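What follows is a set of structures to go through.
Next come two complexes, and both contain subunit A; in the first it sits with subunit B, in the second with subunit C.
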Partner chain A sequence: MSLLTPHVGSQLVDLGSAVLLLICFAIVAQRRLSACVDLFALQSVFLAATAALVAFLTGIHHIYAAALLTLIIKAIVIPRILRKVIERLNVTRELVMNVNVPAGLLICGGLVMLAFFITQPIIPLGFLLTRDSLAIALAIVLIGFFTMIARKKAVTQVIGFLVMENGVFLGAAAAAYGMPLIVELGVFFDVLVGALIIGIYTHRLQDAFDSVDTGRLTTLKE
Partner chain B sequence: MTLMMRAVLLVIAQIIVLLAVSPFIVGLIRKVKARLQLRRGASVFQPYADLAKLFRKQPVVSTTTTWIFTATPYIVFASTLAAGLLVPVFTSTIPLNFAGNIIALVYLFALGTFFLILAGLDAGSAFGGMGSSREAIVASLTEPAMIMSIFAIALTTGSTNLSTIVHKTALLEGIVTDPSPHLMALAALFIVALAETGRVPVDNPATHLELTMIHEAMALEYSGRYLALVEWAAGLKLLVFLTLIANIFAPWGIATNMEPTALGIGLAIYLMKVSGLAVLIGAVESMFAKLRLFRVTDFLGLAFILALLGMIFFYVLRG
Partner chain C sequence: MTFLFAGILGIYMAGMALPLCFPGRPRIQNAFAHGLAAAAGLVGIGLGLAGLFAPEPWTASAESTIPFLTFAIRIDPLASSFVLIISLAGLAVSLYALGYVREFYGRIPVGVLGSLYNGFLLSMTLVIVADNGFFFLIVWELMSLLSYFLVVTEHEKPEVRYAGLFYLIMTHVGTAFILVVFLIFFQQAGSFSFEAFRNPQHVLPEGMRTLAFLAALIGFGAKAGIVPLHVWLPYAHPAAPSHISALMSGVMIKTAIYALIRVYFDFFGGQFPWWWGFTVLIVGAVSALLGVMYALMERDLKSLLAFSSVENIGIILLGIGAGMTFQTYGLKEFAALGLVAALYHTVNHAMFKALLFLGAGSLLYATHTRNMEEYGGLLRRMPWTGLFFLIGAVSISALPPTSGFVGEWLVFQTLFLSFHVPTVLLKLILPVAAAMLALTGVLALACFAKAFGISFLALPRSSHARHAEEVPWSMRIGMGMLAAICLLLGLLPMVVVPMLDRVGTSFTGVSITDKVVALNGWALAPVNVEFSSLSSPAIALGLIGLSVLGLLLVAVFGGSAKARYYKTWGCGLNLSPRTEYTATGFVQPIKRVFSTIYQPTVKLETEFLEESHYFSKRRLFETHIEPVFQKYLYDPIVTFFSAMADRLRVIQAGSLHLYLTYIFLTLVALLLMAV
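Entry: the complex of A and B
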């Protein structure tokens, strides 16, 4: 592989991370729930590809396993569960949000800046594989968190949570060359169970309030 | 051959390529859309026939219009062509490099848009005014996004001259100078290109439905050779945007010297690149529905934020 020099390799990892961030912004700007799920699945595919690239560049083989698990669980299984939930609940789009789309985009831009300023002192330490991926990973975590706050529908809040998890995974792959495999397995299991629980919780929400708007939960009183 | 003559020949060649290829790109996008809808569609060369027919027809001009109405098609066509001459097409060193940089390019487009808006108002019809007001909204939202995305690229290469940017990137090893800012800028510029040239998520070039049209509404009063010029300029603008995207973000294969073989290869690769982008636009237009006018701000806001991020990437991480 003479074509894939370390320089080009780290550029490709940066490019993959930037694609993930780009998809985050698309999720923030997207109102249709099914499109949000599709974008999350796409993000997971790119995440798996970036992780596989990191595995190839560093020669650490267990990252391949983590990348494969990402592809199966986050790009296929979880989106399928979420699509079923959306289909059963019969909600297609989110019309009212806590923060509207243009303001949300501006806030996310601010969050990215924040992430960059925070990670700036770490970059000169020199143990990172690439220049941008740690900053981008932190930005993705923050944007996922923001999505959970800004959206009212339970399904998009789940997507925010999953995007956060993607950010954590990218950070682990780019900065620490992946977590130990046993930790990765635990995290994947948690995420899967989390998605299932939130799926059931959304059904209960729908049964109780005829809506998946989590704002209604404040009316729960003894 | 003297240096001067060679420069003049290159400029003439660039004018001919831009003028000759732009109707083909329009036809190609229509063909792709037709095939994706399982129609046979008109030949990709149909726009040439349309233009030829329009040039032969006698134009009808309303008696209520002023000189702005008749001057606008020429201004729009000339400003778009001038903008096209500032962009490297098949060779990275263009003779008119000294004449202007990317800021000049943006405002040459803005000049054409401005006069088209005036012409839409000039005839005094309700549709023209509606189209003009919508175009003004879209133009005012795309301009900052376009400037920002181009600045992000200019920062990573250290020059605002397009020829220098493309030349530097083409001679580089690795993928591009700096992948993350470039990707953000590319996404922003692609959105801007869709909005500025009136493609689907923002405007629909295939319809004359009064509720949705923007560009068509402004050009509604035009006929004959005036219409031909406005349509040709629209195709030219689309081609210049595609050229900009192709050569800034993927300058591979562009001629970096003046050898005839390099120029020939550069031209062939250029045609492949813009055709590929045209197919992509046709696919995007088939996959997405047109946005409601009030959602266009979300879409263009996204472009602005991405372009801004491209610049911030550069300042924070490399500054």
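Entry: the complex of A and C
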């Protein structure tokens, strides 16, 4: 127990956050859809671990509940739904992207710098152990958003959306020791319903256009 | 009071939840939804009466976590009178709906319909009792949305969807103006509570007062259906199921009247410049006259009733406008009389318009058409519906001894008192308004003579009408209850006026009961018994006496009273449904007289036999009246917005990625700006 001084604890939380960011880059670089889903599940596992660590360090119990829910919903249930969608659609890899992989990685690097640049004036104002993670959380949100723009397949867009949500969760846990439990529950429910809806929407897209390329939606205009 | 209010809240909520618990079993859903709504109506009548006679307004409130929002309730005499209206109509309409909704079994999810119905009634009640601007706006919006969903119940028909959309847009434009009103008050008072709004210490600057007055007139006027914001009524009211139309036309548009009285007499404390009352008066007179003129031309019975609602809202506004004018000049007794007259007509209209819509619903139920040209001869087949519809029609035409007569008489007397006003312009305008009201009354009589005559008399015009049957008991009970109320309101004004006077007293500070109820309660007089007076029991007795006298005269001088059944004499022709007056034909003279307003167009095409031009093979006759407001006011606005939307389409490429990029760039730019 004596090993886990506040300083070490804070370093561990930073480490966890850094792993989450690294996985984001892996998702951006990965073309295979099933691998993307696996990476997302992995990221969620680390997110749950980081949240549990925060809970342990601060002794705030309801963050444990949030961590457990993260594990169940984001690491198990949603990846399962997404795998089913991929299986049914028979789409395994993404061949054409709006932004190719090297350029995407460069842009993501820029986004991380942007996130650190923006949060620089804010972080010294905080007084929590975990305040450094805020920059990383913002970077994850931005990268998630970028994934939604860069990819064409609906499934990867869902993953981008979920990554964004992970970033928001990390930011809340790190910068404010989590949101009230009722808010967390609401958000989890939203994410689950969102994933379900997008899953169904992907099927409909496939039925209507014989493709899950959301770029085809432009034909809906007129 | 606490118990009664909690009771209403609980029963309506149960009525919203329980019907949804029995999917696929429409009979149970129907029983729960409308049975509970009827029970809540009964409790609501109790609450309304208790609130009306309570010495002090009853209040309750619950804080919320949202800033400025408090769930505050206040039941003062004005609110009580409207709770009473909603509950009375709600009770009768719920009983009616028990039978009427059977028609929808299997076609429409009755549970959802019933649940929405309860929610609609609850939201209307909450609008009336809300005592916080924020809370009011929430329940007001809720009421509008729930009624929208009810309007589009039969959404598989394109015209219903169009009507719903039209209604949704109009009601939201209105809400925008209402928001302006509350924000103006909020800015000055620093709180959304109505208590702060009516606090005389926060006097609004002159410009803001004017803005708030106009915004309230437009915002609530759009809901009430004043000309030229009335265009949604003839679309939305006929599109809804009939029991919903009855509530919308009879009750919902009255919530706007309530809100107008609340804002003008309560928040502004009755301090008006002279032109406010004048404006309301003009709006009322124009609405009344144009409303009835368009009603007259309708062949769709429910559209006719919807236009007639515009007319009656106009009559109510005449009373309010006259009251406001008298208030300006400190003639408090007359102001109270104006309010009482307006409220009396509000109660009346809620009752007879609900009754007439239920009657129209019964005809729809029996014949499956709303077109009056396909009715005819229904009195013989549906005697009860016919009797109740007749009572409603007599009442709305303001004939004694029914309620409409007393209400309009009071409005007339208020307008006649204008010679007490010191301004010459108003002295001239008020009698002109009275003259317009007189014209309105006559045209309304013609309109309902047509509605009743074409629908119920003569021979059936179609096979629908030939095969019509009387409607089920519960529907007849609902209509019968409203018909009885119409008669009672007409016979016992001396009981009703003191009740409504409590509302007038709460705003003007003077009670006029002693002066209006004259001759030991046997007659009404407009403040001054020498000026004029009215005794409705005496009129009723006189009417009964005259009919007995008529029978007596027949018995004495009429010879044989034996009934002989024979064909009507038709000058040697065989009479058939084709020789009857049609609804269009009946009003043809009026269309000619007022052709400036109607701008009718007639198209006549004749196809002759090839051999001779003296014989025609086929004739086609088409006639239309110009929808002036739609053509010259709404169409240009719609065209303008469509053109704007076309231009904006450039940035709407329809690409998901592009939209995401917009959002992303905005986000990054904002973040950078924050640094």
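What to note about this one:
FYI, the second predicted complex is superposed on the first by the 217 of 222 C-alpha atoms of A that agree within 3 Å, B and C clash if a C-alpha of one lies under 4 Å from a C-alpha of the other, contacts with A are read in each partner's own complex, and residues count from 1 in each chain.
The rule is short, and it goes like this: contacts are C-beta pairs under 8 Å (C-beta built on N, C-alpha and C of every residue); 3 or more make two chains touch, one makes a residue touch a chain.
Since this is a predicted model, take the numbers as computed values, not measurements.
In the superposed model, A:Leu15 lies in contact with subunit B only, and not with subunit C. Once the two complexes are laid over each other on the shared chain, residue contacts for A:Ala29 go to subunit B alone; subunit C is not touched. Once the two complexes are overlaid on the shared chain, A:Phe146 sits against subunit C while remaining clear of subunit B.
In the superposition on chain A, A:Asn98 makes contact with subunit C only, while subunit B stays out of contact range. Judged by the number of subunit A residues each one touches, B leads among subunit B and subunit C.
Contacts of A:Phe117 after superposition on the shared chain: both subunit B and subunit C are touched.
Applying the stated contact rule after C-alpha superposition, one finds that A:Gly109 touches subunit B and leaves subunit C untouched. Applying the stated contact rule after C-alpha superposition, one finds that A:Ile136 touches subunit B and leaves subunit C untouched.
Residues 117 of subunit A lie in contact with subunit B in one complex and with subunit C in the other.
Listed in rising order, the residues of subunit B touching subunit A in the complex are 173-176, 179-180, 183-184, 187, 297-299, 301-302, 305-306, 308-309, 312-313, 316-317.
The touching residues of subunit C, when paired with subunit A in their complex, are 652-657, 660-661, 663-664, 667-668, 671-672, 674-675. Across the complex, subunit A meets subunit C through its residues 98, 114, 117-118, 121, 142, 145-146, 148-149, 152, 157, 214-215, 217-221.
Against subunit B, in their complex, subunit A makes its touches with residues 5, 7-8, 11-12, 14-15, 17-19, 21-22, 25-26, 29, 101-102, 105-106, 108-109, 112-113, 116-117, 120, 123, 131-132, 135-136.
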